Structure formats: C-alpha cells, structure tokens
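The following blocks contain the structures, represented as structure tokens.
Two complexes are shown next, each including chain A; its partner changes from chain B in the first to chain C in the second.
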Partner chain A sequence: MTDILKVRGLRTHFVSRNAVNEIRTARALNGVDLTLPAGRILGVVGETGAGKSLTVQTILGTLKAPAERVAGEIELMGQRLDTMPEAELNRHRGATIGLVVQSPVTSLDPRVRVGDQLVRLQRAHRDITRADARARAIDMLKRVGVPSPQERMKAWPHELSGGMAQRVVIAMALINDPVLLIADEPTTGLDVTVQAQILDLIRDLIAGTDRGAIIVTHDLGVVAQYCEHVAVMYSGVVVEHGPVDEVFVAPRHPYTTALLAAADLAAAATGRRPLPPSTPPNLYDLPAGCLFAPRCPKVQAVCATEPPAKPSPSGQAETRCHFA
Partner chain B sequence: MNTTGPLLTVRDAVKHFRGGGRTVHALNGVSLSIAPGESVGLVGESGSGKTTLGRLILRLEQATSGSVEFDGHDVTTWRESRMRRLRPAVQMVFQSPYASLNPRMKIGALIEEPLKLHTTLSKDDRKKEVRALARRVALSEVLLERHVNQASGGQLQRASIARAIATRPKLLVLDEPTSSLDLSVRAEILSLLGSLKEEHGMAMLFISHDLDTVHAICDRVCVMYLGRIVETGSREAIFRAPLHPYTRTLLSAQLSADPRVTRERLPILGEPPSPLRLPPGCGYAERCPIAETACTTKAIALTAKADGDHSVACIKT
Partner chain C sequence: MTGNSVILAVARAILTRLLVAIPMLLGVILVTFLLIRIGTRDASLMLAGPFADAAMLERIRSNLGLDRPIYEQFFIYVGHLAQGDFGLSWISGRPVIDEIRPRLVATMELLLPAFAIGGFAGASLGIASAFRYGSRFDHTSRFLSLLGFSVPTYWIGLMAIFLFYSVLGIAAAPMGRIGMASFPPPPVTGSVLIDGALAGDWEAVVDALHHLALPVTILAIIIAAPILKHSRIIALDVINSDYVSYARSCGLPPRIIRQIVVRNSLAPILTLAGSELTGTLAAVSLLELIFAWGGFGQWGLNAILSGDFAAVQGYVAVIALFSIAVFLVIDLLVLWLEPRTRS
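Here is the complex of A and B:
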C-alpha cells in the first residue's frame, strides 16, 4: 500500500519579543510525525492547543508570521512540499489537496454564488470550459447530497443552512479530485444527524480509492467510528499513533488513557476525575523530558530528564512513553 | 411557598417571532414540569426551540401564549420589577462565557455582582463569600483578580457557575454549558455540576444537543423537534427504550468513542421543515421512515405510555 502523505519531525515555533525586547520562542510543534496510507482516514485528536490545526497549516504551508516551520519534512505522493516553491505549492492547494475547515461560512466567498465558486475553482487549476465545469459542479453537489443541485448553483452562501454550507465546502474541496483531503473539525457545531451524513460522505469518497483523508477533531467518537488510524497529539507531539482498534481499545500512553477516560462523561458526573486539573505545559518553557510528565499519573524520575524515544512511523501502534 | 408540587410548570407554551412579514414558529405548544432537585435534559437539534424554551422560563422572552409557573406563582405576565425579586431563585449559565461575562470586570467582581444585587451582605462578607464560591467551583483565588481575556474557557465557565449559584437558586437553567469546552474540561464541569446537585438539591434544566452529556447528568429527558416535545421520560427509558422515530434516529447518530461499539445507523432523510411553515401533522412525518397518511394530516399529542413515566407524540408507537 502506498503512502499518500508522510510527515517527519515537524517543528513550528512562534517567535516574538516581550516587553523588554527579549526574543521569546513558543515551541508549538515539537516533532510531529504522521503517515497516511491510501484509501484510509487518519484521525488527529488532542485538546485545544495540542497543535492539531497548526499541523494542518504547516503541512499546507499556510503559516503566517510569527509562526514559522523550523524543521521537518512533508512528502505528498513522493513529492517534497516543504522545499517546494510557493507558486508550485499553490497549484496543489485546492487541487491535489482539498481542505475543509470548521466554519463553512468563512470558507465560502459571501459575494459569489455557490455555482460560480465551484466553476472558478476548477478553471483556476485545469483547462476546462465553463460549460463542462458547470456540469461537473452540479454533479459534485449531487454527490455530496445537496438536493436540487441545479437550483443551489444559483444560491448565495448566506442562504444555506450550516449542514448544507458544509456540504458545499466539501464539494469545493473535492471538485478537483484531490489525492489528499484534509478536514479540520469538519462537523464541530453541526447537529449529530448532519454530522453523520457529512462523515458518511467523506468515508464513501475515500474508502477503496487511491485517495486519503485526515480528519482533525477533538471528538473521539468521530475517530472511533470513521477513522482506521489515529494520531493522539499532546503539546505539539504525536504521543501515540496506530490503528484505532488498537489505540482506543488498549491505549498505551498515559495521556491517551486519560483522554479516553474523559470521554466517559457518566463517570465524570459521579466525581471520578480523569486528569489532574492542571494546565497544559507552557510552550515558552517546555519540560526537558517528557512533555506530559508534569501531569502524568505514572511519572518516574527518568521522565523529567529524558524525552521518550520517537515512535517509529510504521503502521503498528507506537507510543512516546518510557513505560509503555 | 409551595413545597410539594413541581418547582416549575410550563403549560402549552407558544412562541412566535414575527418580522419582515414572516413568522418563525419557535415553540408550538410545550408543556414541561420540573420537581424540586430534579435535573431535566432538553435535547434536540439546532432550531428545535430548546434555547427559546430556556429563555422563556427565565422570562428573557415573553410567551406568545401559554403559562410559566414558578414555585406556585404564575409569572407569565409579571413585570420586570416584580420578576427581579424572583431572579435569585432562577439563574442561568450560558453557552459562551466570553459573550455572557462583562470583559471590563474582574472575575471576582463578576461573581460578587449577584450578591450585591440580591443580598444584604456587607462588603467584607461578600468578599468572603466570593472566595468560598471560587473554592467551591475549584477556581484559583489568583483568577479573581483577572479579567475575562486572561482566563481559559473552562475557568470562565466555572466563574459563570459560581456567579449563578451565588444566590443559591432553586433552579439553574444551563444552555449548552459545556459544548465549547475540551473533553477533560467538560468532564470536570460535569463533575462539578453533579456534586452541586447533590449538595444543594438544586433543580436543573440542562439544554444540550450532546446526548452523552445529558445522559451523564440528567434524571429525566425531553426530546424536542420543531418546537414541540416529541418524547419525554426517565433517562433509562429514553436511552434504553426510545419510542419516537426521531429519538431513535438521534440516538443512532451518536458516535461511541469505543470502536468496538457499532450501533445500527438509522437513515436520516432530508432536512427539518422550515419553522416558517409548519406542517399540519407531525413535524417529523416527512423525514420519518414509518410515517403513514394519518401522520401528515392531524397534530399528534404527547401521550403517556404504559408505565406512565414515559410519553411520546407518535401514533405509530
């Protein structure tokens, strides 16, 4: 099986100056490794600030100052994205790479009718007549479950419901046959029934094809039910990754265990606490050893001084912990 | 004061929003009662009327028709000045603490505000009480001197809860209090609410579209669709033996975090009807897999099932 995307040792820092003009570095990504095989959906989970969305932005090369990628390799179908000139990278964005972000309202141009946006996007990336582009757009809207697609082509973005707008965004992401679909919180804020429809759609478009998708989410249910692989992020590193059936059933990293325990809300309501209520590490001053050590219930002396070995990026479940 | 009857009774509440020549039928005849100390979950999707019902109970909205009774008083037509005396007894926690807390005030002052308005405590006693409340919701004292923009979402939601329980309300209405929070923080807030419920015997109306959250904290559940309650019953009845086709679909769309659990997914047809033009019969009929002609012609009332504690508005069950 070929790998669609390989990410190695991604490090992204925010460099700024404080009030007395000293340089401060927030180390937001601290060596992210990801592998996405063809025909699979990879779930990236973690809490706010774990670096999930930043990983996506770093892969797409859309970081804005003061964020900066300081190390790491990104390979899409054997092509290095990290060393690619901006103009060439731009030909991939919206074409070989499709992106779905959390808020459909902000990713559609409010001044342009739905149909025109779909036509423009095709004509920006390929040699296609307006009529053919229109026909493909209608076909794509039908595939993503938009009722009466011909009429919806004329709709303005503000006329669409949240679920319908997200379908249009997915149609935009897919219209140029991307090899890689990246969906950053694609269903957050949508109702559960709409969520199920959108996720079914993504699964149907990926399973058994030579495409792949990454779903970034904080919803463990989305990962458990729709992804084959999962990468659990904490403080800018992947602390555990592997097949969902293994990682979610028998987690090895103490953070994964705590995260899964937190999903058991019934236990929480009766007073069992999954995580010590402390804040995630200060990115300006990260611990020398394991980044999770200050919160870890199984912490030992070595954890404070030695960073645990990097998980080798094979398909097997791997974890970044001295004791897993 | 009423001691044996329900704390809150909503009867046949209707709320229409008019504007631009159109009428949004937000609530279409909702009846609900909450006993003292009981926690009731209100679930349903966007636009089902959950939030409108919550706001109506707090009299933040005026009902188009129907009545709201609190603690034996019919408060439906009370003026704001009279309502104010009731406010300490009914408090609300909103979805977004960023939108509901004044960004110019320090967190300590925000928690103190209801004490200033509704109690006769001296300044020193108020400060003492604020510190006690902060301890109760596990909010560090350092944070009391901070502003809203200097605290995290979880810390602010704790502050909102401290503020809401400051006057020891009999009823707390919570509108999606955890939906903007991370899982571990959500678990902490639910743990806090669970213990508050036990200690203070406070009744809660918990509005949420997240069934897991409602399952964790509520004794009884009401399922709303298109401005009506379509099913209500004990937590066990709703989660173990749902009757209404909409409740079943909603539960089947819930994603388990355990990859070994695969629920049979019921198909979801189309989109909900527009609240601008209500269908004459059951609001769910056009999406319902088992609907028949009778479902589309006449309105269907909530009817009690055999055990009495479980009611459903469906002629096919």
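Here is the complex of A and C:
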C-alpha cells in the first residue's frame, strides 16, 4: 500500500523579539512525524496548543510570519513539498490538497456568491469553461448533501447556516478531486447529527479509493469511530502514532493513557483525574529531556535529561517514550 | 435577488435614510439656533450700533421677530428654511441663500476633484502598504500619512505658495479662481471650469485649471493622509481575515487574492471617506482664505468673525445638508458593494 503523505521531523518556530529586543523562539513543532496510507483516514488528536493546526499549516506551506518551518520533510505522493517553489506549491493547494477549515462561516468570501466561489476555485486550478464548472459545482453540492443545490449556488455566505457552510467548504475542498483531504476540526460547533453526516461523507469519499484524509480533532470519539490511524500530539511532538485499534486499546505512551482516561466519562463522574492539574511546557523554554516528563506519572531520572529516541518508521504503532 | 426587489431595496434604503435625516437636520438647526441665541449678545444691539436709542432698538427687535418667544422664533425659522429661505444676511442685507450658492460652487470646484484624487491616492497607497506590511514602502507611506496629518493646512498652503509661486513662479497667483486680467466666461453653473468649457472659452478653462492646481493638490494631500492611514488598517484586517487565509490555502493565484482584499476593503473605506469629505467641507476655510478663493468656507469663516448669525446658521445648515447627502450616497454605494447589508 502506498503512502499518500509522509512527514518527517517537522519543526516550526515562532521567532520574535521581546520588549528589550532579545530574540525569543517559541518552539511550537518539535519534530512531527506522520504517515498516511492510501484509502485511510488519519486522526490527529491532542490538547489545545499541541500544534495540530500548526502542523496542517506547515504541510500546506501557509505559515504566516513570525511562524517559520525550520526543519522537516513533507512528501505528497513521492513529491517533496518542502523544497517545492511557492508558485508550484500553490497549484497543489486547493487542487491535490483539499482543506476543510475550522470556521467555515468566516472562511467563505463574504462578497462572492457560493456558486461563484466554487467556480472560481476550479478555474484557478484547471482549464474548464464557466458552464462546466457550474455543472460540476452543482453536482458536488448535491454530493455533500446540500438540499436544492441549484438555488444554493446563488446564496451569499452569510445566508448559510453553520452546517450548510461546513458542507460548502467540504464541497470546495473536494471540487478539484484532491488526493489528500485535510479537515481541521471539521465539526466544531456543529450538533451531533450534522457532525455524523459530515464525517460519514468524508469516510465514504476516502474508503476504498487511492485518496487519504487527515482529520484534526480533539474529539477522541470521532477518531475511534471514523479513523483507521491516529497520531497523538503533545507539545509539538507526535508521542504515539499507529492503528486506532492498537493505540486506543493498548496505549503505550503515558500521555495517550492519560488522554484516554480523561475522555472516560465514568471516571470523570467520580472526580478522578488522570493527570495532576498542570499545563504543557512553556514553548520558549522547553525541558531538555522528554517534553512530557514534567507531567508524567511514570517519570524517571533519564526522562529529565534524554529526549526519547525517534521511533523507527514502521507499519505498527510507534511511540516516543523511554519506557514504552 | 431579482431586478425588481433590488429597486425596492434601494427605494426603501433611500426612504428610511431620508426619514432619519429629518430629525437629524432639525437637531443640528436647533443646536446652532440655541447656541447663537443663548451664547451671544442681543442681535439688535449689534445691528443698531452704539448710538441707537431705545425706540430704534425696539423697532429692530420687532422687525426681526426678536420680541417673540424663542420657540416661536425657531418655528418661524424652520418654516422658512423648509421653503428654501435662509433669511437675510445681517451684514449685507441680501438673502443668505444667494450668498451661499455661488460660493458653494466655487468650493465644490476645489473639494470634489481634491477628494477624487486624494481619496483614490490614499486608498491605493493604504491598500498597497497593507500588502507590503513592515516593508520600507509601508514605513514610507505611513510616515507621509503622519506628515499629512500633523502639518497644519495653512502652513502647507503658505509654503506651497512661497515655493511654487514666489520662488519657482510656476503656480498661478493665489488671488482667486481666475487671473486678474482674464474675463470669466458667462456664468451658467458658476464653475469657471465648466462654464468655460460650455462657452468654448478654452483660455478660461486653462486659466481655471492653473488656478486650481495648487489648492487642489494641497487639499488632496490633506484628504489622502487619513484615508491612507485608515485604509491601510482596514486592508490589513482583511488580509488577516479567515477568508483570505482560506483563499490562500485554496491556492487561489495572487491576482485573485488582491481582488478579494480590494473588494472587501472598499465598503469600509468608502464609509470612512464619506466622513472625511464632510469634515473637509468645514475645514477648507483656511485654505480658501489663503488662496482668496471666495468660497463657501471662507464666507462661513467671515460670517462667524463678523457675527452675521443668519449667515452662520445658513452655513451650518448647508454643511449638515451636505453631510446627509454624502452619507446617503455612500450608504447606497455600500448597499451595492456589500451583500450582507441587502437582506
């Protein structure tokens, strides 16, 4: 089975100056490794600030200053994106890579009708007549479950409900037949029914094809139900990466264990906390050893000094822990 | 939206804004009316001079209606205003409206081209700066905008006259709208430029342009400065918006990204430019004075200095009317540009 996307050692830093003009570096991504096989959905989970969305932006090459990728390789279908000239990379965005954004309502151009945005996106990437692009757009809106798509083509973005805007954004992401679909929190703010419809839709589009999808979420339930693979992120590192049925059933990294325990409603009802109340490390001043060491319930002396070895890329679950 | 409903929406927009404009206008008139009545001496004393006797004062007061209660005076004034009667100037004795009309045309001849040039230049530079945020271009245009903001109008005016008229000798003499030795074309609109063109008197047109060049340029700079500053901020907001980030993530080419930014910045910039335009009508006085333009602002300034309160009231009322008209036009433009305001 071929891999759609391979990401190795991605590091993204925010370089800024403080009030006394000293250079400060926030190390937001500290060596992210991801692998996405064809026909699969990869769930990327982790708490807020773990670097999930930043990983997506780094892959797309759409980081805004002061964020900057300082190391790492990104390979899409065997093509290196990290060394690709910007103009060429821009032809992949929205075409071979489709993006579903977190905030669909504010992400659509407020001054252009829905249909015209779908047409504009197609004509930016391929040689297609306006009429053909319109026909494809109507067809795609129908496929993503937009009722009376012909009418919706004329709608303004502000006239759409949250769920409808989300569907339109998914239609935008799919309209140019992407190989890789990246959905960054695609169901935030949607009710459970709409959420299920949208995730079912993504699964139907990916399963059994040579495409792949990445779903960024902090909903472990979504991952368990819709993804074959999962990457658990903590402080800009993928601490555990592998098949969902392996990682969720027998987690090897203490952070994964804690994360799963935190999602355990029965345990939560009894007031038991999986981790002592604390926060992820300061990105300006990361610990020398394992980034999770300051919070880890199983911490040992070596954890404070030695970062865990980079896991060898293999098909099975990988973890970054000295004691896994 | 179908053609019919667009017309309906526009008609409704005009109507509601006009309805709102009436109390606004009444409020402005009431405040100036009261300020003048309460804050100044008895008008009859001023008009009659130091040697008038009590009987004469009484006569003036009853002639002007000053012996009636103040609310009655106000209603009489508003009633006359509604018929286009602004009263008589206390100084010249001529109808205020006849004094205003030709001067307003002279001012518009200055203001409208300056606004067109300054507004376009300011908005273009502001948006271009936003695209080059933090670059040398951005810093330069911000510095220029700050300069235009902080240097007083009369100072720029005097320095420009000194340099371009006295030293270089390329500008026209700052003595009005047309050369001393030239004959103005037969008045139709009151604008030397347009009347000259209508009469086919190209010499007059060139002469008028020559006289317009310097004050229009200065006024354009003064108008451009705040528009530059604000359109830069507006465009920066748009550039950092979710929809522009998303458009970039969709690989839309730079040309389309620019188009998205300009289109989405236009409505707020226009709204801002509207208040700039109305504010400039009041601020243009000093520039007119320096160039002996004989315009509306200069006339208003004189009216204030000489205590011609009928004229001052007319001056304020015209500025208020102008503001309301400008905002109506801007609102309609925004309605056309901004789909969210339509439904």
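Annotations
The rule is short, and it goes like this: the second predicted complex is superposed on the first by the 324 of 324 C-alpha atoms of A that agree within 3 Å, B and C clash if a C-alpha of one lies under 4 Å from a C-alpha of the other, contacts with A are read in each partner's own complex, and residues count from 1 in each chain.
Heads up, the rule we're going with is that a contact is a pair of C-beta atoms (placed from the backbone, for glycine too) under 8 Å apart; a residue touches a chain by one contact, two chains touch by 3 or more.
Computed from a predicted model, the values in this text were never measured in an experiment.
Partners chain B and chain C, once the complexes are superposed on chain A, both fit on it without clashing. When the two structures are aligned on the shared chain, A:Asn90 is found in touch with chain C, with no touch to chain B. In the superposition on chain A, A:Gly51 makes contact with neither chain B nor chain C. Of the two partner chains placed by the overlay, only chain B lies in contact with A:Leu259; chain C stays clear of it. In the superposition on chain A, contact is made by A:Ala224 with chain B only, not with chain C. In the overlay built on the shared chain, the residue A:Asp191 is in contact with chain B alone; chain C does not reach it.
Once chain A of one complex is fitted onto chain A of the other, the partner contacts of A:Pro149 are absent, as it touches neither chain B nor chain C.
In the superposed model, A:Gly43 makes contact with neither chain B nor chain C.
When the two complexes are superposed, the chain touching more residues of chain A, out of chain B and chain C, is B. Closest C-alpha contact of chain B with chain C, superposed model: 11 Å. Touched by chain B in one complex and by chain C in the other is not one residue of chain A.
Chain A contributes residues 47-48, 147, 161-164, 191-197, 218-226, 244-245, 248-249, 258-260, 262-275, 277, 279 to its touches with chain B in the complex.
Listed in rising order, the residues of chain B touching chain A in the complex are 45-46, 138, 152-153, 182-184, 186-188, 190-191, 193-195, 209, 211-213, 215-217, 249-250, 253-262, 265, 268, 270-271.
Contacts from chain A toward chain C in the complex involve residues 60, 62, 64, 90-95, 99, 101, 103, 106-112, 120-121, 124-125, 156, 158-159, 172. In the complex of the two chains, the chain C residues touching chain A come out as 241-243, 245-253, 256, 260, 263-264, 337-340, 343.
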